[in-house]
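Going in written order, the chains are labelled A, B, C and D, and every chain counts its residues from 1.
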Amino acid sequence: MVQAAAVLTASADIYDFKANFLAAYRWMLLARVAEEKIAALYRGGKITGGVFLGKGQEALSAATGIALRKGDIFAPLIRDQAGRLAFGETLLDCTRTYMGSRLGPMRGRDGNVHRGRPREGLMAMISHLGAMLPVVAGALLARRFRGQEGAVGAVSLGDGATSTGAFHEGLNLAAVEKLPLVLVVANNQYAYSTPTSRQFACEDLVDKAIGYGVAGHSVDGTDLGACLEVLHRAVESARSGGGPQLVVASLLRLVGHGEHDDAGYVDPKLRQTSLGADCLELAESRLLRERWADASELQELQEKIQQQVEEAVATTLREPLPDPNTEDWCSLADQRLCEGHGE
Amino acid sequence: MVQAAAVLTASADIYDFKANFLAAYRWMLLARVAEEKIAALYRGGKITGGVFLGKGQEALSAATGIALRKGDIFAPLIRDQAGRLAFGETLLDCTRTYMGSRLGPMRGRDGNVHRGRPREGLMAMISHLGAMLPVVAGALLARRFRGQEGAVGAVSLGDGATSTGAFHEGLNLAAVEKLPLVLVVANNQYAYSTPTSRQFACEDLVDKAIGYGVAGHSVDGTDLGACLEVLHRAVESARSGGGPQLVVASLLRLVGHGEHDDAGYVDPKLRQTSLGADCLELAESRLLRERWADASELQELQEKIQQQVEEAVATTLREPLPDPNTEDWCSLADQRLCEGHGE
Amino acid sequence: MITYLEAIRAAQAKALADDPRVYIYGQDVGQFGGAFKATKGLAKEFPGRVLDSPISEDAIIGSAIGAAIEGMRPIIEMQFADFSTVGFNQIVNQAATLHWRTQVPCPITIRLPSGGTAGAGPFHSQSMEALYAHYPGLIVMTPATVEDAYSMLLEAVAIDDPVIFCEHKYLYYHLKAEALPTEAVPTGKARIARQGRDATIVTYSAMLHESLACAEELASEGWETEVIDLRSIKPLDTDTVLASVARTGRLLAVGEAWPWGGVTAEVIARVATEGFGLLDAPPMRLNAKDTPVPYHPNLWGTHRPTAKTIAVALRRLLSA
Amino acid sequence: MITYLEAIRAAQAKALADDPRVYIYGQDVGQFGGAFKATKGLAKEFPGRVLDSPISEDAIIGSAIGAAIEGMRPIIEMQFADFSTVGFNQIVNQAATLHWRTQVPCPITIRLPSGGTAGAGPFHSQSMEALYAHYPGLIVMTPATVEDAYSMLLEAVAIDDPVIFCEHKYLYYHLKAEALPTEAVPTGKARIARQGRDATIVTYSAMLHESLACAEELASEGWETEVIDLRSIKPLDTDTVLASVARTGRLLAVGEAWPWGGVTAEVIARVATEGFGLLDAPPMRLNAKDTPVPYHPNLWGTHRPTAKTIAVALRRLLSA
């Protein structure tokens, strides 16, 4: 198990750290602004159903998305707006799914974070936690069957999801097959209202790695630089035949479980610790400190992104909603086999 | 993680090791003889359905049963004839269940190894591997609710069963609640025909302990002395508040998965290793070596046990079989709520 | 006024107060009071008896079974019915078979927040009652009123068998009553929610209210529709259904679940086999469409039966 | 002579040979050839394409779905149908919803060794077809003949949707045919296994043979019973059933599964609602008793329908 800090310099030459940092920061900011807009629409009654945000987890998520390349596979979860964007999901896929546009990837059939384009490597999560892990393992198995080595699959999970049987069976299967799978666990200290003390008894979630025979990595999830380093290393060792990699990031979610939740259960003392830091603010101050950007550039970026988000929402608002009369109401790919008795 | 060898002497004074060894040997021998009889009955067509034997695993099983005391809970699996007897199951419960006697605990409704007396702490396994682990955890939780501390629950599993979600969820739950649960994993190198290399990728199954925050113990499953020591220690530390204990024993099953199976898939080289030793023979030679018994005593014991087994079978053969006409054909405890439409 | 949700909370409070063998286990049910607040305040009121679980449905239910073997009477909350699929094996193979196999009762209550609400989508809307009813060894309750939510949950805890308690999320806040009931219809007995002579609608849970609204509408046209609330779908009160069909000669079965093998199929099969002669017209059934439950309200509103679509079916039945 | 089991093996061999996208995954299916030897020799014949899995039903099925997303066509063997409960969530919530949600097909075939055999007991005997048929998005096949075991399994692999392939363990060795079929009835079409004018028995899988034996017996008394083999229970060929009932006026539905919401309930519900006027007598159904499947043959023989008990029901139907 390697500590992120230890390698900040070590692997800094492998790739252009600064460029990655800047790119990641942009995705983080875009995710933050987009989610604030989604939250506003939700409060304004423009979104039916739940809204689940990733505030405070953008660094880890963006780092995951950036570490992947075209042809890789990514199964994001509910706090991965930044990672989705970094992986290549458009902002419109987000707004269209949240608002039910018929033109979105889910066509109003599924909503909010339950979106994706599986054929493009972006899995569309089902709600059942842990369930996407074996799916990505199978997708990687398929690549191997077809002799397409070199692709990596990343799966996002929360601390709570590590208690699911699917997590265990999926990670074990990936380990047995030595698949290039990177499992990114965002330990944000709570599963909905449940603290980690009621979720697991190990000292550190990364201690699970040895029991599966996979590599383990720990990282400070509020530190974009560290996340970029660790995810880069984890993804590259998976890509180069190192088998599954378990990355455990420590952080806090800075919003409720969903927008309906005020997170009153979060220990205020915890918010005061370094876990409670806002990864976006930290990244911004580092940008300035390192002189990779100046205040006016950031100001400009902020405005561009604001505009981009407003445009996506405006476009989506003009789009048609799903129409029950044009729906085929058939669950099957092979429509000949559909039947509608008793409906 | 403690090695058995290290403590053979260390804890030898805690209790009468010789007495335990002798008692365990008797249960092992009774189990071996009983199972040979069951196998003979099976070949003679006197038993319908599967027959699953524990040959080669009697030392571990007996040690588990002996380490427990009245009031404890035990969830045996398919290779636990010896442990069942040591825990207090009668030989008649075995023969009656295998032969479907109406007087047996399962009354012909369930068969072979699917037997128990849950209210007496002996769980009746369902086939689904891993499923008994959370059940025992819950039983221990109940004891805690009622303020009945001091009881221990032991659960038997095989190497293959560690791949189940139930194993993971159950052990994790027990760890979070810090329950006095001892999980005894018999790593007999195969799950049916599947070698451990296709089952898990960790170096040693005991490496899983740290990931759950539980104590881990390794033991040579062919060495009765070592099994007695390790199980004794594991059970006592669970009893004294040490939380769940994971015991991993290495051994080989010296029979087929079931009596229908010739185990042709077992690597002959493996049989030549120490894993392939017969724990019963080893125990016997130690008895003689230590002069805890002499040949004639063993001969006598052998005959007594043979007779005991023949009697149990003879008794069972005289007993009534289940009668469909006297069956209530109701699945519920509350018979008022049973309904029989459409049968 | 007390809501359906408050009734569920009140029943659990009473069960905890009356019986030391009762405890509550599930995700976020403790201090937080549950995703829907059905256990609000109970952890505080009953220290150590309302416990947060890990996200481990298989182990949650497995542990409840073990506790039941030891004489406890656990109430398990699944955060959503849809997630009970992960604990499915323990429910249908362990809990449902325990007494039949070992003569040891398995008095556990599994609360399933069920059914569709606007925007909930495919994995937070399912009605799984038929799945559990198919397996021997389980009781399946589907309360449709505030009174039943309260009294049936209390009865579920008292029954010596595993009870799948399907509480409908749509009714949580929408449904209100003056007060909690003091006595109750026993489990296994259906209730005639509205009397009528022209046709019988057999339904349960949220669809009772769509059916009553439909009956009301047709009443203005002079049609008197009898509406039966099954209350529990296993056991299913065939006698009450048959008696009603004997009076009306016409049957429409309505359910929110999927059609294939659902409650409506079982009801019609029973009436057709045991009360064929009572039918003056072909029986009819109305269910959700045979697709996952759609997210967007535009689609969801068409996916499940509503007073409007029930009325269309009922008119066809009455003119048959 | 080729057995039902050999036909299943042959179909898998052909699927592997014809389509590089096909692979087989499950416990002990590799070198060992599976618990029932349904994949005997295939690992050798198709290196790297027949893989032993860990004991992880959820991950086994989840991985098959992922592979299907990438264009593969996995064949999954559950060691026994009963263990599919552990992979239930991936089947009904992931596989069954994938295409409807994302427009990406999920062509996986899940082989379930199903049904009762003497001494198999509660957890190695289950018939789970109704459970899977209840969920939208799944095809459920229940082959009753050697020919169908072969051709339907090949079709299952070819279909772009998840197929639950319920192969009956009792038929594995009992059932023999001269040769493998060269053409096949398409999925969704039932087959009239025996023609008759006096009554219609609708059944599937192992119960087809009990029903045919019963029809044979009553033929000696001059009764001509039509016996319909549904072949697949979802889709269920209502038209063929209705056409037969139109000829005979009498319906008996027979299934080996539990009664509540089973195939017989769905068949009768469809005939009652869509072919009420065709019935000259109340339809009847016969299923297993509503308890777990008993271990001992004395009990098992009474738990499930047999030619004898079907004959009793049929006589009642004919005299009604």
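The rule is short, and it goes like this: contacts are C-beta pairs under 8 Å (C-beta built on N, C-alpha and C of every residue); 3 or more make two chains touch, one makes a residue touch a chain.
If you're wondering where the values come from, they're calculated on a predicted model, not measured in any experiment.
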| item | value |
| --- | --- |
| Fewest touching-chain hops separating chain A from chain C | 1 |
| Of all other chains, the one whose Cα centre sits farthest from chain B | A |
| Centroid spacing, where centroids are CA-atom means, of chain A and chain B in whole angstrom | 44 |
| Inter-centroid spacing, chain D versus chain B (mean Cα positions, whole Å) | 36 |
| Between chain C and chain D, centroid-to-centroid distance (C-alpha), Å | 30 |
| Computed distance of Cα centres, chain C from chain B, in Å | 41 |
| Where chain D touches two or more other chains, by residue | 53-54, 56, 58, 82, 85-86, 89, 93, 96-97, 100-101, 122-123, 136-137, 234, 236, 260, 262, 264-265, 269, 273-274, 285, 289-292 |
| Shared-contact residues (touching 2 or more other chains) in chain B | 106, 109-110, 114, 126, 128, 163-166, 169, 172-173, 176, 198-200, 330-331, 338-339, 341-342 |
| Graph class of chain-chain contacts, one of line, ring, star, complete, other | complete |
| Touch list for chain C against partner chain A, complex | 27-28, 30-32, 35, 52-56, 58, 80, 82-83, 85-86, 118-124, 259-260, 262, 264-265, 285-292, 294-299, 301-303 |
| In the complex with chain D, residue positions of chain C that touch it | 82, 85-86, 88-89, 92-93, 96-97, 100-101, 122-123, 130-131, 133-137, 234, 236, 257-258, 260-266, 268-269, 271-274, 276-277, 279, 281-285, 289-292 |
| Parts of chain B lying in touch with chain A, wherever the complex brings them together | 163-169, 172-173, 175-176, 178, 197-203, 207-214, 243 |
| Of all residues in chain A, those that touch chain C in their complex | 47-50, 100, 106, 108-112, 114, 126-129, 160-161, 163-166, 191-194, 198-200, 265, 321-324, 327, 329-331, 338-343 |
| Touching residues on chain A, where the partner in the complex is chain D | 105-106, 109-110, 114, 116-119, 123-124, 126, 128, 131-143, 145-146, 165-166, 169-170, 172-173, 176, 330-334, 336-339, 341-342 |
